[in-house]
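Down below is the structure, laid out as C-alpha cells.
Each chain carries a letter (A, B, C and D) given by its place in the written order, and its residues are counted from 1.
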Amino acid sequence: MTAKKTNKLKIINDPIYGFITIPNTLIFDLIEHRYFQRLRRVSQMGMSYMVYPGAHHTRFQHAIGCIYLMQRAVRVLRFKGVDVSEEEENAVYIAILLHDVGHGAFSHALEHSIVTGISHEEISLKFMEDLNDEFDGKLSLAIKIFKGEYKRMFLNQLISSQLDMDRLDYLKRDSFYTGVSEGNINSDRLIAMLNVKDDVLVIEEKGIYSVEKFIVSRRLMYWQVYLHKTGLVAEKILVKILQRAKELVEKGTELSASSALSYFLKHQINTHNFTDDTLEIFSKLDDYDVLSAIKEWTSCNDRILSALSKMLVDRKLWYVKIQNNLFNEGNLAQTKKEVQGDLQLTDEEMAYFFIQDTVSNQAYSEVANQIQILYKDDSVKNIVDASDHLNIQTLSKPVVKHFICYPKIKF
Amino acid sequence: MTAKKTNKLKIINDPIYGFITIPNTLIFDLIEHRYFQRLRRVSQMGMSYMVYPGAHHTRFQHAIGCIYLMQRAVRVLRFKGVDVSEEEENAVYIAILLHDVGHGAFSHALEHSIVTGISHEEISLKFMEDLNDEFDGKLSLAIKIFKGEYKRMFLNQLISSQLDMDRLDYLKRDSFYTGVSEGNINSDRLIAMLNVKDDVLVIEEKGIYSVEKFIVSRRLMYWQVYLHKTGLVAEKILVKILQRAKELVEKGTELSASSALSYFLKHQINTHNFTDDTLEIFSKLDDYDVLSAIKEWTSCNDRILSALSKMLVDRKLWYVKIQNNLFNEGNLAQTKKEVQGDLQLTDEEMAYFFIQDTVSNQAYSEVANQIQILYKDDSVKNIVDASDHLNIQTLSKPVVKHFICYPKIKF
Amino acid sequence: MTAKKTNKLKIINDPIYGFITIPNTLIFDLIEHRYFQRLRRVSQMGMSYMVYPGAHHTRFQHAIGCIYLMQRAVRVLRFKGVDVSEEEENAVYIAILLHDVGHGAFSHALEHSIVTGISHEEISLKFMEDLNDEFDGKLSLAIKIFKGEYKRMFLNQLISSQLDMDRLDYLKRDSFYTGVSEGNINSDRLIAMLNVKDDVLVIEEKGIYSVEKFIVSRRLMYWQVYLHKTGLVAEKILVKILQRAKELVEKGTELSASSALSYFLKHQINTHNFTDDTLEIFSKLDDYDVLSAIKEWTSCNDRILSALSKMLVDRKLWYVKIQNNLFNEGNLAQTKKEVQGDLQLTDEEMAYFFIQDTVSNQAYSEVANQIQILYKDDSVKNIVDASDHLNIQTLSKPVVKHFICYPKIKF
Amino acid sequence: MTAKKTNKLKIINDPIYGFITIPNTLIFDLIEHRYFQRLRRVSQMGMSYMVYPGAHHTRFQHAIGCIYLMQRAVRVLRFKGVDVSEEEENAVYIAILLHDVGHGAFSHALEHSIVTGISHEEISLKFMEDLNDEFDGKLSLAIKIFKGEYKRMFLNQLISSQLDMDRLDYLKRDSFYTGVSEGNINSDRLIAMLNVKDDVLVIEEKGIYSVEKFIVSRRLMYWQVYLHKTGLVAEKILVKILQRAKELVEKGTELSASSALSYFLKHQINTHNFTDDTLEIFSKLDDYDVLSAIKEWTSCNDRILSALSKMLVDRKLWYVKIQNNLFNEGNLAQTKKEVQGDLQLTDEEMAYFFIQDTVSNQAYSEVANQIQILYKDDSVKNIVDASDHLNIQTLSKPVVKHFICYPKIKF
C-alpha cells in the first residue's frame, strides 16, 4: 500500500548541488569501499588552504559531485535523442566516480617527491582493475571508456576532455570553497548545451559565450588560486620536505612516519614494481600520514628537515618574486649570494631554501581534444575558429612565469 | 540610557546585498521624493522580461544598489589613505543616486521613438538642478561632479567610467534577476582593488584578472541578455508602436493615452523646448502609461497600430535572422518580396513589419576613460597594455551584427 | 547522425532554480496562450514592493516555478515506487500551471474592491474550462484533479494543501525577491521527503524538522512580509481607491480608465453573471490598467480619489498603529476626533482616511488537510501529534492583530 | 601622491562573507601566531563529515568569521549611538578571535576521552594569558571581558551568550558547509537588530521573528546535524578508541603515536597540573595526530583497539537505535545478550562495542543569559515572555533521547 522505502538508494547532501542521488547499489557499494573512503582524507586543493582558508574540501566530495553532473549530462543527451544504453550510463558513472581514486596525499605533491615513477591516472586504473576483480567484472566497460578504448568517443570525453564533468565540477567547487566567486562557472548551462554528433561531444551554437566564459574563468582560477604565489611556495616547501625525508631515509636515518609513508620513503616506486602489495599500502596513505609526519619532523635532528617542517606547520612562508621574464643571470647570482649570506646557509642548504622555478598555464589547449561547436545547419567548428571575438589563440598560448623564493628571515 | 533609536536612518532590504543603509537624511529625503519614487515604475531592463521572466527589477533598486557600492568604495579608498571629505562623500552618494533619474519608460525605448531630441543624461541633470533648488543648493557639488567639472576626477569616475558603480551594480543585478549566472561579477573584489593615483581612479595590480573577467562578463551579458534576439525584437516592436502612435496623433487621430504620454505624443521635444513644465510632465511618465496605452491600442482602428500592439501584449514575437555579415542585397530584396506576399502587406505596412537593422557592442572602449592598473612600483599602465594574456584589443573592437525580423504568420 | 534539435521543448531561465524545462508541447502552448501571458503583468506580491523594492516578480514566474517543483515531486514519488501515469503526470503539470491564472491585478486587491462577488479560484476554473474547449478536452483530468474530484487525493494535495507546490514555490520565491532570507525554505528537501500512503500525501519521518521549519518560516514571512504594516497600508489605500472609483462611476462620474477596468467599475460582477464575455474582459485586466488609472486619478476632481491616488503614487504612506489587543473604544473615539480635526476631514472623508481593521494569520491549520508524517513502521500521524517539541497547537492558533491608520499630515 | 599600500592590513577570502578585513596589526599578529595557526588543523564539526561530506571547515575559519560579525556588530551599535571605545572594540575582536583557541583535536572528542580534567574554555584562557605575556599586556582587557569581569556586560554577551557572534557564525557556517540550508540564519538581520540598554545587549522589537527563527534553526541543526545518529556513532567510536588507547598505554603497552598525543595518553591532565609545558605540548596536538595514530592502530595487536580503529577509518559504522523513551530493561538485556552472541564478544569487549547512552538538546535556555527584547517604549522583556506565538517554554525544555548502538556484523 505504501511505496517501498529507499534503503540503499541514498541521498548525499552537497553544499553546492543540494541533494545528490546515488544512482544504484553498485555505485553505492563502490562509494562505501575503503579505497574510495580514503578520498575523504585527501584534500582537493593541497596547500591552497594556506591562502584560502575555506579550501578544505576533499577528493571525495569532488567525485560525488562529478556523479551528479554526469547524471544531468546523461539526462540532457537522452532528452535530445542521443542513445545511451543503461550499461553505458552506469559505466560513465563508475568511470567518473573513480577517475581520481589514485590521487595521492595533498594531490600533486607526492608525484613530485616520493612517488615519482608512476602517474595518479595509472594508479587510478590499478584501483579500478582491482575493484573489477572484486566486483566480478562489473567495471569492465567503465575501464574501457576510461582508457579511451570504447568506440563511442563522447563517453570518454564526458570523463576526460576540455569540457569534462571533472573540470565542470572542480572549477565550480574550488571557486565555491575558496570564495573566489569570479571563478564560478555555470555548469548547468554548459551541460544543457551538450549534444553529440558522429559520436563526438559538441556544444550547441548558442552555448558559445558560455564556453568562452568557462575558458576565461579557468584561466582566472589558475592565476588567482591554483598558482597563487603563497600556495605555490607552500607546495614547494612540502615537496622539498618530502624529498629531504626520502634522501635521509635512503641514507639510513630513522624518521618517524606512518608505516605507509615509511614504505614510500624507503622504496623507489615506478610503473613496473607497483604490485598489488604496493597498491594495498598506497590505499592507506593520505594527507594525515604526511602532515602528521611533518609535524614530528619539526623536532628531528636534521636541521634542513626540521626547519622546512617548522616553516610549513607554523606557516612561516617565504618571500617570493615572480615575473614574466627570465631572471637575469647576473642579478640572480648576486641575490643568491646575498640570501646565502643573510641566512647563513651552507651550499647544501641552499638547494633546499632557495628555489628557482617556473609555473605555466594554458587556459585552453589547441592540440588536445578541441571543444567543438555545433551549428544549426549541422556543421561543426572547433571553438578556436568559432569564437571570432575572444582571442582563443591567445588564450591557448601557454603562459610561463618565473619565480624565486626563499625564507624571509634567518632561522 | 538606551541608545537613540534610528528613525529616518532607514535600512532597505536588497535581495543581492542584504541590508543597505541610507547614509543620511538628505539622501533619505531624495529617495522619498516623487521624482525618485517614479523609478519604482521604470523597469531596468525594458523588454528583456519577454526572454528572462525574472527580469522585472526597476531603476529604483538599481540606484539604491549603487549607493551601497559607493559606500563600500568610499570606505575602501579611505582605508587606503585616500582623502575624501564628508562633503565629497555625500556628493558622490547624491550623484550616483540620481544618475539615472531621467530615464524614461522602458529605459531606452522612448529615446528611440517619442522623446528623441534629448538624452536621458540631460534629463537626469535637469531633475538634479530642479532638486537643487528645492533642497537649497545642497546638490551643487554632486552636480559639479556629475558633469565632470570637479577637479578630483576619480569622484566622477566612480559615477561614470568603465568601472563605475553604475556598471558594477547593473551587471551584477541583471545577472541575478535574469538567472544568467555567468554574468555575475565580483563587485566586492573589484572595489577592494580600487585606489587613487594623481586623482585618477586605478585598480591595483593584483586585480587585473578580475578586471579581465569583468570585461568578459560584460560582453557575455550583452550578447546573451541585452542583445538577445527575442528581447531585441520586442524592443523594436515597442519602438515601432510608439513611432506609429506619434505619427497618428500628429495627423490628428485621437488615441487613448494618459495625459503624460499624450503630451509627448503630441509635442516634438528637444533640448531647447524642454522646460520646467515638460520636466513636470516627464516626471509622471513611466512604464505603466506606455504599456496600458498599448493595451488599449490593441483594439484601435489603425490596423498597423493594433496589430503591432497585439503582438507585443500577447507576445506573438517575430522571426529573426541575425548574422555577422551584411545581408546580400539581392537575397534581401527577394525575402522582402516573399514576406510582403505571404503576409499580404501594403508598402506602408512593410515599413512597420519588416525591420532591418544592426546591433553592435563593444566590450571595452579603448578611447573613453581607460581602466588604469597601478603597479607596486607606483607606475600605471592602462589595462590594454597591462593585460598581456587576454586580448583586450580584440575585445574593444566593436562587434556589429546584422538582423532582419518580421512576423511569423499572417495577421 | 546528429541528435534531433530541441525546438519547442524550451528551457526557461529562473533566478532561483536555474533552468526549467517545459515538459511537453501542450504545456508549452498553454504558456504561450494570452491568458497565461497576462500573468507577466500581474505582480505576485501586490503592494509589497513599497517595503521590499525587490519584490516585483510576477505570477508568471511563480507558475513556471511550480511546474519545476512538480517535476521534481513526480520524479521523487516514482523513484519511491509510487505509480503516476503519464496522463496523471501531465494533468498535475497543467493544474499547477493554471492554478492562479484567475488572479486579478495586484493579487488580492480586486477581490476586496471591484470584483467582489467571485473568488480568484472560481475564475481560474473558468479559464481552465475555456482552455479545455480550445484544446479539445486535453485539460479534463487536470480540471478534475484541481476540483478535488479525482480518486487519487495526493495529486490534488500536490496542488492544494498545506504542503503543496504552490506554497513551496511562493515562500521560497518571495523570500528570494524580498531579500528576507530567513523565510527561505528548503523545497528540495521537503520534496525529497514526500511519499504516498493509501493515496494520501505524506512526509517521511526524518523530514519532520523540515516541516516544522517550514511552518515557522511561513509564519515569519506572514508577519515580516505579507502583513508588514507599510505594505498593509498601501494595500488598504489601493482598495479604498478602487472602492471610491467604483462608487463615483456608479453615481455617473466619468473617470479615465482602460476599457477593461471601466467594465469592472461599472458592473457588479458575481458568480452568476460572470459570462464568457466577462472572462474575455477579465483576461485583459492587469496591474497596468489599475496603476495607470490611479495615476490619472491623481488629478481628477474628486478630492477623496485624487488625494488617495497621490498618496499611493508618490508613496506618502500613513501612520499605522498595530497592537495585539482591541483598541479601547474611548481612546479610539478620541484619536478619531483629533485626526479629523488635524486633517480637517469631513465625515464622509473619514471613511476613506481613517482605517480601523484587523489582520490575522494562522501559520498552520489543524482543520484543513493536515500534514501527515509516515513512520518507518508504516504508521501515520499528523504533524500536530508527531511534533512533540515544537508547539504546533500554538502555531495553529490564528493570531489576530488590530490596527488603525491615517495620513500623517494634512493634504 | 598615491595612497599608502595596505601591507599587513590583509584581507581574507571567505566563502560565506566574501572579504574579511583584518582590523589591525595586533589582530594580524595573533592570527599569524602558531597557537592560532593550529586551528587550521582542527575541524569545526568533528566527525560530522562522515554524514555531511562538505563539513571539513576548521576552527580557524570560524574564528575569522566571528571577527567579521563582530566588526558589523560594533558598527551597528555605534551607529545607534552606543559608545564603544577603540580599546573596547579591539578587546572584543581579540576575545572573539581567541575564544576557541583551546579547542582540542576533533573538537569535543578529547574532552570526553584523554583530556578530561580541564575544559576547552579553561585552555583558551591559558593560551590568552600566555599570549598576553608575549604581547606586553595588550590582551588584558580582552581577557577581562572574556572572563565576564568587565563592567559593561554587553561586551561579554557579544562573545558569550545565547545570541553571541560565536553562535551567529557557527550556525551559518555549519549550515553552509553541510548543505543543510534550512539551518541558515540571517546573522545580518540579527546584528542589525542589536542594541544596548543599561549595558545589557538587547534585540529591538521588530527583530522578534528573527530571534524565534534563530532558535528554531538552532534546534533543527542540533537534531539534523550535530546529533545526527551516524555522526554520533562515529564520535562515540572515536571516544572509545582514545579511551582504549589510554588504558593500554597506562598498562604499559607501546602504541604508535605522535609525541604530543603520546603525552596526553600517558598523563592524567587536570586544571592543576596543566603547566606551561603542558600548554606547549597541547599547542602541537591536532586532528592530524589523532587520525594518523588511529590509522596506525588499525594494525595493532590489541583486538579491541584495532577493530574500533578499522571501523572508524573505513567508515564501517554501527547499527543505531534511538528513541524518546528509556529502553525497557528486560528488552535491553535480551538485545545485549543477542549482540554478544552474534558478534562473539567477551564481556570486556562488550564495554567497547555495545554503547548505551543519551543525547540531549535544549534549543533555548531559560536559565542562562536570556535574550532580551527592547520595545519602542523603552521597556524590556525577555524573549520567553515577548514571544506569545512561538512556544519558547516548550523549546527551552531539554529534549533527551536514548540510544544504543553496536556493530552490524561480526568482525
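By definition in this document, a contact is a pair of C-beta atoms (placed from the backbone, for glycine too) under 8 Å apart; a residue touches a chain by one contact, two chains touch by 3 or more.
It should be emphasised that the depicted structure is a prediction, and the values quoted were computed from it without experimental measurement.
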Next on the checklist: Rounded to the nearest 5 degrees, how far is chain A rotated relative to chain D when their C-alpha atoms are superposed?
Outcome noted: 180
Next on the checklist: Looking only at residue numbers at the chain C/chain D interface, is the share used by both copies over half or under half? Answer same or different.
Outcome noted: same
Next on the checklist: With centres defined as the mean C-alpha position, give me the chain A-chain D separation in Å.
Outcome noted: 31
Next on the checklist: Roughly how far is chain C from chain D, centre to centre by C-alpha average, rounded to an integer in Å?
Outcome noted: 43
Checklist entry - What is the distance, in whole Å, between the centres of chain A and chain C, each centre taken as the mean of its C-alpha atoms? => result 49
Checklist entry - Hey, what residues on chain C touch two or more of the other chains? => result 18, 180-181, 189
Checklist entry - So in the complex, which bits of chain B are touching chain C? => result 12-16, 18, 32, 34, 37, 40-41, 43, 49, 52-54, 56-58, 60-61, 64, 176-181, 256, 258-260, 284, 286-289, 291-293, 295-296, 299, 313-315
Checklist entry - In the complex of these two chains, what residues of chain B are touching chain A? => result 180-182, 184-186, 189, 209-210, 212-213, 216-217, 219-220, 223-224, 324, 363, 388-391, 394-395, 399
Checklist entry - Which residues of chain D touch chain B in their complex? => result 1-6, 9, 11, 18-19, 21, 77, 79-82, 188-189, 192, 195-198, 374, 376, 378
